[in-house]
Each structure stands twice: as structure tokens, then as C-alpha cells.
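Two complexes follow with chain A in common, the first pairing it with chain B and the second with chain C.
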Partner chain A sequence: MRKIRAIGVKELRQIVRDRARLVILIFVPALLLLLYGYALNFDIRDIRLAVKDQDRSTESRELISAFVNSGYFQLIAVVERDEAIVRLIDRNEVRAALVIPPRFGRDASTGRRTTVQVIINGDNANTATTVMAYALTLVSSMSARYEVQARLGSPAGPALVLEPRVWYNPELRSALFLVPGLIAYILMITAVVSTALSIVREKEMGTMEQVRMSPIGPLAYVVGKSVPYFVISLLSCIGIVLLAMALFGLPMRGSWAMLVLAISLFLVGTLALGLLISTLAETQQVAFQIALLMSYLPTLMLSGFIFPITSMPPFLQVVTYVVPARYFLVALRAIVLKGVGIEVFWPDLLALVVFAALTLSLASLRLKREWA
Partner chain B sequence: MTRLGHLMRKEFLELRQDPKLFGIVIVAPILQLTMLGYAATTDVKNVPMVVVDEDRSVESRELISRFDASANFVVVASATSIDEVNAYLDHGRAWVALDIPADYSERIRRGEQAALQVVADGSDANSTNVALGYAGSLVAGYAREVAAAHGRGQPLPLVGADVRVWFNPRLESRDFMIPGILALLLLVVTTNLSSMAIVREKELGTLEQLAVTPLARWELITGKLLPYAVLGMIDVLLVVSVALLWFEVPLRGSFALLLAMCAVYLLSTLGLGLFVSTISSTQQQAMITTSFFFLLPMVFLAGFIFPIENMPDAIQPLTYLIPLRYFLVILRGIFLKGVGLETLWPEALALFAWGAIVLLLATLRSSKRLG
Partner chain C sequence: MGARLEPCGEPMNAIEVEHLTRKFGAFVAVDDLSFSVETGEIFGFLGSNGAGKSTTIRMLCGLLRPTSGTARVGGIDVGRDPEGVKRRIGYMSQRFSLYEKLTVDQNIQFFGGIYGLAGDRLARRRAFVLDMAGLRGRENMLTGALSGGWRQRLALGCAILHEPAIVFLDEPTGGVDPVSRRQFWVLINDLAHNGVTVLVTTHYLDEAEHCHRLAMIQAGRLAALGTVSELKNVFAGRRILEVRAGNPVQAMRALDAMPEVEKTSIFGTAVHAVLRGHSDPAALGSRLEREGLAGATWMLVEPSLEDVFLDVAQRSAAS
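Showing the complex of A and B:
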């Protein structure tokens, strides 16, 4: 225990001496959350629309204003020719185009079937799906109106209606879903970045020999190295969570003790991962490269932060089990959004414990072999 | 020129001496693209659903089988009352619950309106939104069929919508995401390589030795840049092949233009790394600067996953400072739209200018003297 403290104090002194690094580790995560919390959302509005109206009737104008008044579309251009639509979409000036055929008004009011064309730029499939859904809803509600006018449909409306009720996040605000993910992501990057160089640095600079000669065991060394970062990151993380609650309306429906427990377990695991990388690498450059490749994209894409794991192919779902952020996210969302207790997310906490134990012991084993 | 040659030879020799680094730089991008390419789908499939069938009729079972048969939903359980749904959603065993009221079949037969309740877990707001959209259109389509079968209304709406999705008709999010992953992988690998290039010599003390040679500043930067650029272009060829051959992302534009633009992009990523390397005094500083101040903004603000047009007006101007923003437009333009320089020249110009400026800054900052 005394040895661990000695290493911890030494590491802490080094951090404190490097004032810039301390400031970065404490404040930058909060700054990043602030910026991205505002920047990121999936709520799509003001879709830029071009219209080619070949009918110019009351009905066609009604349809166009239904699009504009919905609040989802913004009329950018009225065009005469198809080439103009091609040019506008190629240059990203509009995302969608509405083409109303000739005789649209006469057909619709006399009950003859007619079709309007909606052209969507599909380069971003996610946005395109949403745009398509908005357009289809608008067209079908106009259709229902004309059907009633032409006495074709039942005036009582459709035979089935869907009454959706959304739990945990009734307004479906994407911030509530993204902010926990951002917290996990920023934490992961901070933890790995702060420890990935710490051991390999001593190797490269030659100071490792001195540590090796001292009576400190590998495990004590690894634990001692991570304690100061653990304290700093824990403080910074609690700051982030409070910030998210104050600014983005992140609720806190569960228990604080559980939250701190989950954060701590995740931090120990990720800090130890950084240390493991540090023991594996011979040079700081290699450590940096491994740390980046293991944290940046995998945490973004395989943790369930943005892409739901259930939609992934089965082999990839298996791969996600080695991404620690996956477990942390389940626990974090369960605590703050759902307010459920440990009986629901204990398997995820257990997985975090296993991950932390595994990385810590691998790192110290690896170091032991090197020192032997 | 021979001085430059010597420096480049030294860099290559150093790279060869570090086989681990070489292996990572070559193998990791291929491996990652292959895996992440599969993850990058925003399509919502197999949403686990729990059903509360209070009616237990032929009609209600028909409706349930419609949900189960669609690719978007999987019925994982059935509950006897709406109160049981709670536990399923809390544990995350189901994302949506469908409640069919007891008088469902009777109302359908009488031609009255029946209300179905759907309870959804909103903690993943994006997927829930999409899933509710699927449920809505599934029910609407089924309602038309039911109405038509009972002689009320027609099976097809009076005003149909003919939706044409350009560039990506199957709405495959993979085709959109893979060029983005490719760009990010190149960024991570190459910026890292060059961000350590100069500061490493500083920290190890070998920059002193370079300082006493007659090497000019621009020669130092160029000599560091070119070997990594060669390595970067190898990576470009590898990841582009994975995208084209493994994922079969369509390449509608010119292959030569694609490679040329990748080279311009590497100029900016490597230049950025070199710039960081000249302003840092330790490798750790270089790593922190690169990861926090350059890589994270690029991941989130360049339009890789989150469209720039959705961002608040105050933040949108910031995105113009990010080279990846221009490169993404170029990549997606070449891959999906098949457009050429006649459309993409503003982005190409911006990307090139970015690279040139950052390299110039790196050259100016690289004093050969220490401290």
C-alpha cells in the first residue's frame, strides 16, 4: 500500500508540474461536451426543397403549402425543367424535390388516381429515410382529404389508428439519447489518452530501469500509476454529468451512488486499458497509434452510442462484447433515463468489473515478464 | 536535393526498424474498415417487440404476424396485460410494446375505428423515431387492406407518392458511411505518424544532430512528410480496395480523381500532424493536442455521422475550419454521385489551401534550435 502511494504521489507530482496537461484533463472534457452537446442532433427540420409544378392549380398549390407549412420543408426553388433538379441536388442546394404532374388538380378532385413524384438525395441514408417518411405522411394525408371530397373513402377516417406513447424520453429528444453516449465517449478517450504513454514514456526515456531496481512490484506500479488519473477523471466526469443536467436537461432518475459506482468501474477499466497499451508498446509512437485505433472509432461505432447493436450482424454483435463502453452505456442510460435499480443492469456492471480485472492483471503480468 | 534524399532515407530506415508500427499502420485500417463497415448502419432492424393481445381473435393474430414478418420487428414475447410491459422495457428486453384492445376484432368487423397503442422506449430517440415510423406505415397499409376487404375505400390511395431516392436507391446507409470511415481511418493513422515525427527527435535529443546539418527548414518538413505520404498512399489503396471489393460500395466517378483527392487530403492530415509536432515539446503533449483539439472535432463536426445542416447556426461556421468536411463532400460526390471536379472544385480548392497553409505554418514554426 505504501509503495502504491509512493508511485501515485510521484505520478501526481509529474501531472501537477505539467500545468497545461492538468487543465486539459480536467476542463477539456467539459468543454467538449458543451460543444458537441449542442452540435449533435438527429432532428431533421428545414429540409431544402425544390418544386416543379406542372399543374399550377389550386390543388397543386395546396400540396406545396402543405409541405412548407409542415415545418419540415423549406421551399428553396421553383423550377421548370428536370435538369434544374439534377443540378440543384448535385450541388447539395436542395435535399428533395417535389414534382407535381399536369392535371393533378383535376384528377384529384374528380377521384381519378394520380401520382406525385418525390425525389430525395439518398447520399445520407439516415436523413433520406426521415425525409421520405415526412413526405409520405404529407402526401397520404392530402390524399385522404381528396378521397373524402370525392366520396371514396370513409369520412370516419382510417380504420386503424396508432397511438404511440414514448417512455423515458417522451419528446424523443435526441439530446437525451446522445448526451450519455458523449459522456462515455469523452471519458474513454480522456482515460486512454492520459495513461497510454505513461509507462512506455519511462521505457523510452530510460527511467524505467530505476523503477525496476526499486522494491516496487508490477501490480503496485500499475495501480499507483492509475490512481491519480482515476481521481482526476472521476472529478471531471462528475462535472460533465452535472453540466449535462444543467444545460441539456439530462434527468437523474436513479441513484447517485450507482452512477458513481458505474463511472468508477468504467474508469478503472479504461485507465488500465491505456496502461496495458503502454506496456505492450516499445515506443510512444506505437502506443499512441494503438490507443487511437482501439478507442476512437470502435467506441464511436461499436458501443451502441449511435448505431443500435441489435441492428448489427451477429458476428459483429459478438465483437462489441470487448468494447467496455458498451456496458457502461447500458448502465448509464438505465440509471439516468430509466431510473431502474441494480437488479436490471448488474450483468453490465459485472462485465465492467471483469474487464477492469483482466486489463489490470494483463498489464502487470506483461510488466512482470519485462522486468524479469 | 541530395540532403533531402538522405533525410528521407533515414526516415524510411527508422520506419523499417519499428516493425510493430509498420504492421499497425498497414493492417489495422483494413481490419477496422472491414468490421466498422458492418456496424455503420442506421437502419433499424429486428426491433424487439412485446405484444399484449387482449382480443385473441383471428384478426389480432393476423396483425401481430404482420409485425413479426416485417424485417423491422421481431415479436419476442407476449404479455397478458399492459402492466407487464413495464418490466420488459425496463430491462431492455423489448423496445416497443403493441397493445391490441379487447374489442379490436369487433370494431374492425363493424367498420369502426380501432385504436392500437404502441409503447416505446425513448432512450434511444433516433432508433425509436425510425421504429415508430415503420410501425405507423405498417399499420396504415394494413388499415387500407382491411378497409378495402370490407368494401369501404380502395386498396390504393387516391394520390400516390412515387418516391425516387437518387444516388442510393436502396437507402443503404453503408454506402454513405464507408467513405466516411475510410476518411477517418486515414486521418487517425497519418496524423498520428507525423505528429510524433519531430517532437520525438526533440525528446530523444536527436534533433540537435539534425540542427548541426546544413538542412533547410523546408527540407526538414518535406523530408519528414514524403515518407509518411508514401505510407499514407499505401493505406489509401488498401482501404479503397476494401470499400470497393469487399463492401461493393459503388464508385460512380473517376478512380484517378479519387486517388488524387486522397493525396491532397493526406497533405492536410500529415501537415496537421507536423504542425502539432513542431509546437509540442513532448510526445505526450503532441498526443493530447492531436486527440482533443483535432481528432475529436473532426469525428463529430465534419458531417461524418451528424449532418452539418442539423447543427445550430452558431456552430456551423466552425465546421469550415475542418479539412475532413471538404474531403467528405468530395468522397461522397465521387463515390455516390459520380460527379467530377466541375462540381467539386470549391471543396478541392479549400482542402488544398488547408494543407498548404498548415504545412507553411509547420515550416515557419520548425525552428531547428531547441527550446
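Showing the complex of A and C:
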């Protein structure tokens, strides 16, 4: 116990002495939160729209105002010719164009099939998908109205009305969605990279050899080294949640105890992953690259942090099952945004336990071989 | 295997090595090594790079399991109880294994801590190390800011904080200035006087003269073992002629061509020629002049450890 404490105290002193590491552990998370919270905005509003109305009927004007009044589209130009649309899109003056065919009004009001064309700039696939979804919703609700009108012979409301209610994040603010992801991301960086680098650094400096010559087992060494990072990462996460509550109005609907439990479970796994990497690498550079590949990239791309898992190709969706951050994110969002109880996300916590157990046993296996 | 009862009392030898062998795959790093080190002895371990010195030390410290053979350190079998060995020994390696970003005091606290020292004992040992290393008043300096000699003495201090009976020093004086090296050897002698057994590897053959006994390792095997004067006895019946000439390489070629000369080697600006039997050095000298090496001076010298080392290395390489 005394030996473990000696290692922990030493590690903490090294972290405090090493300004760069301290900054990485404490200030970078806050910086990332601000950066992602303010700059990384996936909300799409005021899509610039051009309209080519070949009909100029009441119905066509209704369709156009439906687009504009939705709040998603902003009418920039009314054009006569297709070339104008091409030019506007090429110059990025509009992102989408609505083309209404001649006789649209008459066909629509008599229930005959007619087609409106929506042209979307696909250079940003994410935006394009969102724009397409908006346009589809608008057009289909209009279409439903005309269908009913044609059957009943008089203008009436649609038979089915879709009234969307967005729960937990009613304004669909990206920041709220991102904060849980950011916590996972920060934990991956601090826990995996810091642990891996701090151990490999000792290998490089030769201090590892000196410590191994002392009567201290690998377990005591690892525990002593991990505890400071565990505490710092945990505090850093709680700081992020508090900061997000203050700056972005993040609701903290669930219990703090549950939050700490989820974070701790995830942390044990990530620290063990860092440890595992440290046994695979001989230099800090190699350790950093492996850490990047094994933790940073999957967490960023495959955890559902930024890109929703359900919109990934099936192959990648399968891959996400081995990304621990995926489960952590589900649990975090459940706790922070929904405030639901453990009965909902226990399978995800269980997955984190499996992750922790797996990395811990792999790491200790490798470590024992290295120390023996 | 059942536990064997050990006879009570201090073992005669601090270190006993029998048929110690370590293989890495097909490569035999340490090959059937046997020797013993008495309590309170300064035992030198000489050998070129890759000769197996470090591998041997790592086995003796319980860091590496022997492939076969046994080694007892402080009466404990390193293969069976490496942790027990680690508690009883101190180790200082060729690189300064201190935390450079911690202060002198923090390093002492850390190494004291991992050896389980605390309270009065830690305070007493801390004072001892600060005095020994001459670091009083510099307790709060960053270790990285210390000069090489100080760091080296602090590293030694940290290695003996827990008062081990046996200390392993793996090339402890590498990269340190000559004055600091001398001071360091004074500390080593003090340790030995207090009954601590010291096993030290070194590249510096002048340093090896400080050792009570020396072992020379060549390709993982024990090539020679004995006191300094015993080792120099390999030249019994042969003599060494030191020749100084303007062009030592030319002198070496001329000497090599003479039948009385067994072999030659360059020592700085001089050439050492090993003479067979009782050949006449004066006759050799005059022949050198005839070879066009006018102005060459020559004299018979006592064999240095370097002569011994080169001789042993060449002979064991030939066999």
C-alpha cells in the first residue's frame, strides 16, 4: 500500500511539474467543449433556395410559401431558366432549387399525378441529406392535402397530420448531443494516451528498469500509476458537465452517482487499454500512434459521437459493436439528457464491464510476460 | 519441489553462481557461468559490449529467469524467489535512472517509498544519502539540473536507501568526468569497508584496478577470473615491449614480421608487442632501426589490465 502511494505521489508530482501534460489533462477538455459546442453546429437552417415556377398558380405559390414558412428555407432567387439554377448552385449562392412544372396547380387540385423537382447541392452529403429530408416532408404533406381535396371535392385539412415532438433536446441543439460524446472523447485522450505515454516514457528514460529492480510487483506499479490519471480524468469530466450546464444549458436529468459510475467503468477500461498499448510499444512515438488508432479515431468516427450509427453502412455498424465508447455514449446520453434509470441502459454498462475486464486481463497478461 | 532447509548464519559467499545459462532463442547470451563473490568484496565484471555482462546482472537481480543453472544472491535462489532477491539488493544502472523532473528530495522519497521505507528510517537514510552525495542544501533542486557527478552519486544513494547487503552497479561511471569517477570509487570502497558486497561492471580498465577480484566475460563465458595480479600472470614467461615511434602503424607492421613477436596492439601512440620466451629486446630495437624506424624508443613494461583483457579476448575468441 505504501509502495503504491509512493508511485501515485511521484506520478502526480510529475504531472504537476510537466506543465504541458497538466494543460492537456485539464484545459484541453474545456477548450474542446467550447470549440465543439460553438463551432461544430450541425443544425441546418435558412437553406438558400432558388425557385423556378413554370405554373404560377395558387397551388404553386402555396408550395413555395410552405417551403419558406417552414423556417428551413430562405428564398434567394426566382429564376426562369435552368441555366440560372446551375449557375446559382455552382456559385454556391443557393444550396437547393425547387422546380415546379407547368399545369402543376391543375393536376394537383384534380388529384392527377404530378412531379416537382428539388435539386440539392450534394457537395456536403450530410447537409444534402438533411435538406432532402426537409423537402420530402414538405412536399409529402402538401401532396396529402391535395389527395384529400381531390377525393372530397373541396379544400380540407389532410386526413393525417404529422406533429413532430422532439424529446430531451427539443430545439435539436447539437451542443447537447455532443457533450456526452465529448466526455467519451476526452476520456479516451487523457486516459489512454496519458497512461500509455507515461509508462513508455519510463521505459525510454530507463527509470522503468530501476523500478523493476525494486521489490514492487507489476500490479502495484500499474495501480499506483493509474490512480492519479483516474482521479484527474474523473474530475475533468465532471468539470465538463458543469461547464456545459452553465454555457449550453445542458440538462443534468439523471443522478450524479450514476454518472460517476458510468464514467468510472469506462475509465477503468480505457486506462487498461493505455496500459496494454504501453506493453506493445517501446517508444513514445509508436505508443502515441497506436493509441491514436485504437482509441481516438474509433471514438471520433464510430461511436456515434458525431455520425449517427444508424446512418452508417451495415458493415461499419457491425464494427461499432467493438467500440466501447458506443456503449458509454448510450449510457451517458441516457443519464444526462433523459434522466432514465439504470433499468434502461444496464446492457450498455454491462458492455463497459466486459470491455474493462477484457482490457484489464489482456494488459495484465502482457505486463506479466514483460516483467517476468 | 520441497523447500530445502538452509544452514543458519551468514552464508560464506554473498553471490554463488553455478552453471548459469541464459538463452534467447538460439542465441546463448550467458553460457555455463560459475563463480562466487565473497561478502564485502568489490567484484569487477569486465567484457566487451554484448559479452553477457548485463544479462548476467539481470539474472542475479531477479529480473530475468535463468534458462538453466542456479544463482544464489544473499543465500536466495534467484530462479525461485526473485522478489526476495530484489528486497536484499541495490541496483544502479548505466543510465541515470532518476526522475529528472522531480527534485532531489522527491526522488529520495519515491525510491524510499517503493522499498517500503517510512518515518524515522526514511528520515535517517535520507540524511545519509544527502551527506554521501554532497547534496545538502540542494534538496529542492531539480534532478535534471544537477551535474553528472552529483546525479550519479544521488543514483547510488537511491539504490542503497534500503541498506542492501549486496549492490549491483551496471557501468555506473559512464559519461562522468574523471574527478567524479574517483569520488565515486571512494564511495564504493566505503561501502565495501562496511561489509557491503559490490558487483560492478565497467568499461574503464583503470577503474577495474579498484576491484578486489575480476571476472572477464567473453561471448557469455567466463574467460578469466582472479585478482588483478593473478590476471596479469597470464603473461608469465612472456614479456611486453612498449615501442614508441613516429609512425606506430609502421612500427606495428615491422614488429609483426619478427618471429619473436607473438602479437602487437596499439596503445595510444605506442605499440605493445608481446614477446615469446626470453627474446632479447635490445636486438629487436636495433632491427627496428634497420627497418627505417629511426628514433623509435622501446622499453619493457609491466602488463596492464588492458594487455590482459586483449590477450584473454583474443585467446578465448580463438578457442
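Observations on the model:
Note that the second predicted complex is superposed on the first by the 268 of 372 C-alpha atoms of A that agree within 3 Å, B and C clash if a C-alpha of one lies under 4 Å from a C-alpha of the other, contacts with A are read in each partner's own complex, and residues count from 1 in each chain.
To be clear about the criterion, a residue touches a chain if its C-beta (ideal position, glycine included) is under 8 Å from a C-beta of that chain, and two chains touch if they have at least 3 such contacts.
Please read all numbers here as calculations on a predicted model, not as lab measurements.
In the superposition on chain A, A:F248 contacts neither chain B nor chain C. By the touch criterion defined above, A:S214 lies against chain C but remains apart from chain B after alignment on the C-alpha atoms of chain A. Residue contacts after overlaying the shared chain place A:L35 against chain B, while chain C stays out of touching range.
In the superposition on chain A, the residues of chain A contacted by chain B and by chain C overlap at 205.
The residues of chain A lying in touch with chain C in their complex are 2-3, 5-7, 9-10, 13-14, 17-18, 205-207, 209-217, 372.
Considering their complex, residues 18, 20-21, 24-25, 28, 32, 35-36, 38-48, 89-92, 108, 111-130, 132-133, 135-137, 139-140, 142-144, 146-147, 150, 152-154, 156-169, 171-173, 175-176, 181, 184-185, 188-189, 192-193, 195-196, 200, 203-204, 283-285, 287-288, 291-292, 295-297, 299-301, 305-307, 309-312, 314-315, 329, 332, 336-337, 339, 343 of chain B touch chain A. Listed in rising order, the residues of chain A touching chain B in the complex are 20-21, 24, 28, 32, 35-36, 38-46, 89-92, 108, 111, 113-130, 132-133, 135-137, 139-140, 142-144, 146-147, 150, 152-154, 156-170, 172-174, 176-177, 186, 189, 193, 196-197, 201, 204-205, 281-286, 288-293, 296-298, 300-302, 306-308, 310-313, 315-316, 319, 330, 333-334, 337-338, 340, 344.
On the side of chain C, the complex with chain A involves touching residues 61, 63, 65, 83, 86-87, 89, 91-93, 95-102, 106, 109-116, 118, 159.
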